[in-house]
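Look for chain A in each of the two complexes below; its partner is chain B in the first and chain C in the second.
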Partner chain A sequence: MATTTAALTISSSDLVGDALSLSTSKELHKADTTIGVDQTSGIGCIYLTATTNIDLFGAIVDTPAFEGKSHWVYINNKSETPTEYATITIGDKVIGRLYAGDWMFMPWDTAEDTHGDNKHADIELAPSVATGMSFEYAMFHEGFQLTTAV
Partner chain B sequence: MATIDCTLAITSDIVSGLAVNKTMTLKKADSTVGLELTTGLARRSFTSTNQVDLLTAGSGISADVTADKSAKLYIKNVGSDSTKYFTIGKGNSSGSGTETTIDSSGTAYYRIGRLYGGDWMLIPWDAATTTGDITIQPSSATKMDVEYMVFYE
Partner chain C sequence: MATLTPTLSLISTDATNDELNFSVTKDLTIVAPYTGVAKTSVTTTGANNIIQPATDGQTYYVYVKHTGVDASGSTVTTTLNIELTGDVVIGKLAPNEFMFMPVGGHSLGVQLQASSGTIVAEYAYFTRG
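And then the complex of A and B:
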């Protein structure tokens, strides 16, 4: 059994009257179990030179075989220019913007879209500029449908 | 201007050498100025499986969390049960035990994922009016607790 742990620390000495310090840590488990997730995409890095909205993680399912399974997504905007951001969406619904240096970490259900437009639950990313932006990303999971070879 | 640092550390033995260690300092949109507002850490209990808004866009602090602003949202299932979870989504909540229909047509709702006991998430939040609500639905009507906090400008 594999062990994957995601830990978060949030700290600030000047946001509120007293110092803010929050720490939490959790092993990533398969759904409804205490068994650790045992698969990963590894850590990827891409360099995008267009503002085209792309599927960073495509939920390539016509039937939701892996819906409800455990998937965790990490994305980091590696830009150092404050005005460069990426718009992150799920199934065409905007989650928010990742500005320079920002990262996000969230569960991903790969839920099937009922709209019939094949957008599924894709995690999409659109850079704000076409001058080149780098992103780091990874997925930790218990199973994911792969494309059938043609 | 405040300095808020968020550090993510992921360790894994799925493959050797796999680790993430990233610190971000939360800043206002398009700037190097730090975020300086927060809801503080809130806690909420649920005793039904109804899908409801955890955060409602366009009202209260969410009125300031628009697409051209910067905001980060932290949510944690503070329970310890590995079989009980919160389903987190974005869009319109149903107000009932039946999840809003998942629809990517741009208006209604999309499910994000599940937070089991102890799980947490940290995401950017664009609280677009009418479509930017953060929804939550407990898997059990037995009391379940969640903690959450928003940092915004």
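And then the complex of A and C:
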């Protein structure tokens, strides 16, 4: 097992009269255990030059063995142009827009989605422009289905 | 307008042979509406626990944490569903786990649902300026 810790701070001095200073951290565990997740994609970077919706992490297809396992996803839009964003989708549901410099960290639910054929929610990313955008990403998890060679 | 600064750190000495230790941060411009950090006792009916209103083209930054206790203060091990309104599960938090993500580009809100019993959740949302 490995020990991977995620920590989050959120601060603001001018949001309200009382300054906001939130801090929390948590080791990333396998589902329903106190055992650390032992697999990771590593931190990767991609440069996309089309607005095509791509699979950042592909669907887990017809493999119940992976369902319900712990998966944590980090994505960072490295663009420095404020109007550039990426649309993040899970399965067939748009979650939100990741604008320049924004990042997200969330658990990934891999339950069967509504695409049918037992496809389990892929994480999709679509750049807003085709002039080139970079994204940093990582997944920490306890099991992920890799694509079979053809 | 206000400035919100979220910072994420990911640290591991043994996930791989290359030690992981990095942080990412950004100053976000925030406009109304937004919440302070709030707590709510979440039930098993997601529609009764909407923590972020439906979007109308804007982007919200959403923070949620599973506090690890129920409405009576007793420790729980059950999971907390993060859902778009309409009962669309996008992720699950175990006790003391948290998430921070943008939500928007559609007309849905965010709701929470306990897998059983009640779960006290800490949450906040902030509107991107």
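Quick note on the criterion: the second predicted complex is superposed on the first by the 142 of 150 C-alpha atoms of A that agree within 3 Å, B and C clash if a C-alpha of one lies under 4 Å from a C-alpha of the other, contacts with A are read in each partner's own complex, and residues count from 1 in each chain.
By our rule, a residue touches a chain if its C-beta (ideal position, glycine included) is under 8 Å from a C-beta of that chain, and two chains touch if they have at least 3 such contacts.
Since the structure is predicted, the reported quantities are computational estimates derived from the model, not experimental observations.
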Should the superposition on chain A be reported as showing a clash between chain B and chain C, or a fit? clash
Comparing chain B and chain C in the superposed model, the one touching more of chain A is B
Please indicate which partner A:Val94 is in contact with in the superposed arrangement: first for chain B, second for chain C, both, or neither. both
According to the stated criteria, A:Thr83 is in contact with first (chain B), second (chain C), both, or neither; which is it? first
Check whether A:Leu8 is in contact with chain B, with chain C, with both or with neither, and answer first, second, both or neither. both
Once the two structures are superposed, pull the chain A residues common to the chain B and chain C interfaces. 2-16, 20, 22, 24, 26, 29, 31-32, 38, 40, 42-43, 70, 74, 76, 88, 90, 93-99, 101-109, 111, 138, 140
Listed in rising order, the residues of chain B that touch chain A in the complex are 2-15, 18, 20, 22, 24-25, 27, 29-32, 36, 38, 40-41, 67, 70-72, 74, 76, 82-83, 87-88, 90-91, 101-106, 109-116, 118-126, 128, 131-132, 149, 151
Touching residues (chain side chain A, partner chain C) in the complex: 2-16, 18, 20, 22, 24-26, 29, 31-32, 38, 40, 42-43, 70, 74, 76, 87-88, 90, 93-99, 101-109, 111, 136, 138, 140
What part of chain A is in contact with chain B in the complex they form? 2-16, 20, 22, 24, 26, 29, 31-34, 37-40, 42-43, 68, 70-71, 74, 76, 82-83, 85, 88, 90-99, 101-109, 111-115, 117, 119-121, 138, 140
With touch defined as at the start, can you tell me which chain C residues reach chain A in the complex? 2-16, 18, 20, 22, 24, 26, 28, 30, 34, 36-37, 59-60, 63, 65, 77, 81-82, 84, 88-94, 96-106, 124, 126, 128
